[in-house]
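The following pair of complexes shares a single chain, chain A, combined with chain B in the former and chain C in the latter.
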Partner chain A sequence: MAIFKLHLPIVDDIKQKGLKPALLAKVDEGVTRLTAGLGINDIRSVLRGDPAPRPNPRVKPHADGFWFHMRPTYYHNLVTPLYPQFRLGWLSVYFMVFETITGVFLMLFYTPSPLVAFENMLNILSNVPLGLFMRDLHRFGAELMVLAVALHMLRTYLTGNYKKPRQFTWFTGVLLLLMTLGLSFSGYLLPWDQLSLWAVTIGASMVEAIPTPYPLNLLGDQWFGDQYFIGTFVNNLVRGGPQFNDNGLLRWYLLHVLGLPLIAFVFIGVHYYKVVLHGHSLPPEAEKVGEDTAKRVPMDQRTYFMPDIITRELFYVVLVTFLCIFAVTLGGYHAPLEPHAEALITPLHTTAPWYFLWLQGMLKVGDKVFWGLIAPGIIFNTLFVLPYIEVGPSRRYADRRIGLSVGMVVCVTLSMLTFMGTPWYAVSSSADQEIIAEIVPQTHPGPLRATPWDELTVGTYEAKNWEQAPTPGLKGLLEEYEHAVATAQAKDKEGQFKNLENLLIIEEWQDGLKKITVRVTWQDATGERTASQDVFLHRDSNYGG
Partner chain B sequence: MTVRVVTGTIILAATMMIVAFIMVNEPNRMTDFESGYKGRSVEAGAALYDTNCKGCHGVQGEGIEGVGPALNARDLFDGRRLSEIGWAGTAYDYVFSSISGGRPRASSAFSTYPQRMPTWSSDFGGPLRPDQVRNLADFVMNWETTAMAQPAETPTPNPNAAGTDLETELPAGDAARGDKLFNGQEGTYGCFGCHSLAAGEVKVGPSLAGIAGTAASRVEGYAAEKYIRESIVSPSAHLVEGFQDLMPKTFAQSMTKQDLADLIAYLMTK
Partner chain C sequence: MGAAGTTAPTTTPMTRREFLYYVWGASMALFMAEFGGAILWFALPRFRAGEFGGKFTLPVSEIPAVDAEPKDFPAGRFWLINLGPQRAADSRQPADYPVKEGVAAVYKVCVHLGCLYKWVTVNDRFECPCHGSKYLASGARTDGPATRNLDVFIMRALDANGNELAKTKAGDPTSDPEAGAPFALPEGTAFIEIDTGKRIQGGLNTKPGGGK
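Coming up: the complex of A and B.
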């Protein structure tokens, strides 16, 4: 009597059918289980675009499988072309996954501590195979993700899809927009370079303005130290102290890799669940006012997920991945990395990330509390409640003239505010500093560092004599110098700034090292004055150019 | 549909080719980045040197006599300076740790530089971050090529130098010659520039009128000659109340034993 009997069915199969057919049948069985219903031949027929056999095995994964049950079995023919959706929601999810993959790679080589974070960056760039590539992809994907999410919201607004019954879908969408902005912004701080520190400082200093509300303010100084009790508290919370420190960095890091992604993934689930529940809404002009026919798709107007949508999505995955990889390699996009964070050195023109420039523009308009806190608060709260207060029944463009006009006005205002957020608008710094920053900026290499090292011939040169410079590189550099002087003088309308002399002094300093002094001399009400900046350039430093 | 599948496959192949191309190039790229970054580190170090170090070590690392030793000198790189102080590590380590931790005590091997080197790394309470100290060390090490091109000869230390050791035997002193040395008629010590011999008159340093008497009572267990000798070769050892430590610290090296003996003999007559 056997106390243990081992039975391998595959052995019987091989005996019966022969080795190859038996193994193939086994593989086919495995694939069928994995796809919850599609065998190898079914998959091949999907990819070939064959008409579905009857009974249709392609419906089974949607009923039995986890991944496919999330996707509709078929779409309305009217929502599958580029219009009205432009694939923006799909792109947002794509980038979320893309960022997770590249982000996990970077996480392997990163420690959230001010002592080593910047060194980790250098290590990723110099010592990790594909480190630069992954970092560039992560950053590039992040920019595109913000863009995709913002455009997705704009498109939803324009086609009126936030209206009943999809109010809550919109609500979670606004939440996801905030998560996206938060993810992108929190990622800014992590490299611990000058860009990180100062971009995030702008953001953090805004929360510092939160005033203590009534009636807490009546308790007075002896309780809370100063009038910005809550502001100071929140500021300490986000920075880890009065200055950004290791605690602050750890908080932003955990928010970036854990907190925000967790919330975002949960709400992507809710968001997409609602999308499928209510159906992808048809173009506004395709249905009668007040009707929602998205869930009732006539038999003859169906585009099935398999084979059409799935091959299309696979194609998009390949295409978008290719474009991203192309951008960071042959396209030459590289994530910036500035010098190590330095709380004592403020770069001349500090700007927030581009998607927050409108906020920085608003801060230039006036009061920090109103324009930095109350106004953005109103904007985002309005977005949240929009579908509940804008209840006009029609989604048609012709019936929504006011709504669409408001949308356009908001877009134009945001563009203007974005411009106002840039250093070109209403930033007053002295002309001499502007000239010097033009030649040797603190935030990026700039023309001097990009000039070929060998062409920086030792000597003293004056900007206005640029044509006599001995080398082409130096000639171009001095011409830019002269141009910067002209621009600064044109800006100075009151004629305070009488430029006298603009020198560029190049000295041999060490083996392979030159010292370059940019010296601007001018005359103002107080007499003759000089500003100068020393820059050291090494033969190997390779700033590109 | 077929178009999608075929184009998709082609694009996928193209993507994989790009990634493979990057992969192959990675070692070169990483090497380039490393040398580029080293260059930028030297630049950053040069700027830091300019603000923090040139005051004592000279604008171009040539050193300032009596304040800070030369850093662009051959002996730092060819191992001589390291072996003199018994340093077992590399020159880079020596430079890096000297900047980081400073020198708690003036090095006995360099009695011409009695000042102590301050601590620079924030690890030890200094003002610079460790990466900035690395930048500085990279900058200092960048002098190696030019320094090693200097002639290798060692300047022979003066065997007749007075030295800071108070126990070495001095030759017999000649007070008359000491008078000339003190008043600048011989030698270049220029004592009279700061020290008056009139009672109570203060030029820069204390008056030396009656020094033979006061010197004996200044430090317990010190004879007057010993006190005067120490005050010349190690001026910081004992300061007269109300005076700053301004006397040059170079006499231990620049003064011969005979000159020292003569000066002491002369001062003992005052």
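Coming up: the complex of A and C.
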């Protein structure tokens, strides 16, 4: 008689059914546990597209499983085509996950310290296997995420989906837009390149301008000795000291990898909970004015999550991932990296990434308190409260002419401001500086550094004689030079530049090192003037990639 | 619901238990507010005010010639300017801020949002690459989103023995034209000493083309 009774039902099963059927049954049981309700045969029937059996086992994971309970069991047929949603919300979540995965990879090779951050970038780009690939993916995904979130909001605005009962869904959406912008801003601060330094400097100077409201300003003069004490306080918090340095970089790093993603994931949860709670709203024209029938889906109008939506989403994952990989490989997209941060030089033509150009444009217009704080404050606060003040009952396009016109005006204004944010507006320098900056820019490698080293034949060349250059690389470079000269001359309406002579002088400086001088000479009222810029290029500089 | 026949809502008096919960809740809220304040205080960076300023003593030979281009001193984050009759006659100078001839040390940082502006020879002015503020050699703003003239540092003129001969006047340049103004170096000046810990904010200047 055994003292311990060993309980092994599998042994009994094998004895009863035979080895293979018993093991198969065991595997099936495991799969059913894993999917919270679907066995192997159920999954196969889903993948085959069989009609659902009754009772439908495919709804069980939605009721019992954690992951599937977040997704609706079925959708209305009218919301599953591309219109009206264009999958933009789905894409936003996709990119959030995509950024997390690629970001964790980059974290392995990054230390948030001004001493090594830029070096880490060079290491990732040139030494870490797939480092360049991952950084490009991370940056590309970030840009697409901003695009997806912005378009998602635009689409929601156009179809009027922010209206009752979905006001709070919109509210959390605006919050997520801010998180997205914050994530991308904090992200491009991390490489410790010129853009990092000057973007934080401008951002921190903006909050530094926060005026202290009455009557607190009286308090400031007497207690804090500074009428801008609120601005000074916030400025110190975000800059981490009087100058952006190691302390500040650590703060922005923690915000980027911990603070903002945490808040973003929580609010993605809240946002999507509300989406499912109220149902995906139908196209405006599909229901009567003032009605919301999203949650009352007739039996014959249902598209079930399993099998239709889940298989489609798996396909989207493959498709979007493929497109991203294509873009950063054969597509030639590369994440920009400016020169190492230099506190004593603000680069000419320094610009924010494209999704912040509207803000840079606004800042060029006038006073920083209004255009840097009050105007963006009004914009985002209006977005937050929009569904609570715009309470017209109809979502139909024809009934929302004012709203849609306002939306169009806002889009056009943003486009104009975006143009004003570029170097072409209000910040272009004198012609000589512009020509030199075109050939050896301060924000990216530019045509000279990208020219293959071997093709930079020693000699003196004039831009207008570009066709006689000895090598194709040099020919292309000089042609760009000549083009830059022509552009600058077209702008020089006052005729300041007479007898313009544009030279490119290439010298063998040391073994494997060439000195290249870009020299612009011209005549003006005071006599002969020269502007020039030296660049040293090593055989292994490798800018051309 | 009909208007007639509705019963008046009954109010229940607050019980001791309910009252104590409110007190408890309020003290929790107070504690959280204090905790939030403590976190902000904790997150403030630790540095001493003025830690990054310093005194730069330069021989007069370092000063640019009268009316020449401003001279860059990156280590001290300032430009030395030496204004003469030619700069004083510059028609672009805002009428509210006539040029005072003499020497001054102008803070290198744009008063708009903290970028470093550059001297552009052809345009004969300082230009900021970030948002396009423009300043003359005198530090007067002529264009762009900045709303005041460039800041200047307090400068002292010293003789060979280190005795002070003259000093930049402190004050508010908006109301006092002498405050922060350049001054002609007195006879016998051997050195100038620039105190980058003491900065005078430029005078208010908001109009297009320059002016208060």
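Simple rule for what comes next: the second predicted complex is superposed on the first by the 521 of 545 C-alpha atoms of A that agree within 3 Å, B and C clash if a C-alpha of one lies under 4 Å from a C-alpha of the other, contacts with A are read in each partner's own complex, and residues count from 1 in each chain.
The criterion applied here is as follows: a residue touches a chain if its C-beta (ideal position, glycine included) is under 8 Å from a C-beta of that chain, and two chains touch if they have at least 3 such contacts.
As the structure is a computational prediction, the values presented were derived from the model and not from experiment.
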Message: What does the overlay on chain A give for chain B and chain C, a clash or a fit?
response: fit
- request: Quick one: classify A:23 as touching chain B (first), chain C (second), both or neither.
  value: neither
Partner chain in contact with A:119 - chain B first, chain C second, else both or neither: first
Field: Which of chain B and chain C A:93 touches, first, second, both or neither
entry: neither
Message: Contacts for A:365 in the overlay, against chain B (first) and chain C (second): which applies, first, second, both or neither?
response: second
Message: Under the stated touch criterion, which partner chain does A:240 make contact with: chain B (first), chain C (second), both, or neither?
response: second
Message: Applying the document's definition of touch, where does A:310 land relative to chain B and chain C: first, second, both, or neither?
response: neither
Message: Output check: A:59 vs chain B and chain C. Expected answer is one of first, second, both, neither. What do you get?
response: neither
- request: Once the two structures are overlaid on A, work out the angle chain B-chain A-chain C from the Cα centres, in steps of 10 degrees.
  value: 60
Query: Once both structures are aligned on chain A, how many angstrom separate the closest C-alpha atoms of chain B and chain C?
result: 10
Message: For the complex, give me every residue of chain C touching chain A.
response: 40, 43-45, 47, 51-52, 74, 77, 112-118, 120-123, 127-132, 144-145, 147, 206
- line: chain B partner, complex, touching residues on chain A are 47-49, 115, 118-119, 122, 125-127, 129-130, 132-133, 307-308, 311-312, 314-315, 318-319, 321-322, 325-326, 329-330, 339-340, 509-513, 515, 534-542
Query: Given the complex with chain A, which residues does chain B contribute to the contact?
result: 1-2, 4-5, 7-8, 11-12, 14-15, 18-19, 21-23, 26-27, 29-30, 32-40, 42-44, 46-47, 50, 60, 129-132, 139, 142-146
Of all residues in chain A, those that touch chain C in their complex: 198, 201-202, 204-206, 233, 236-237, 239-243, 247, 344-350, 360, 363-368, 371-372, 425-427, 429-433, 496, 524, 529, 531
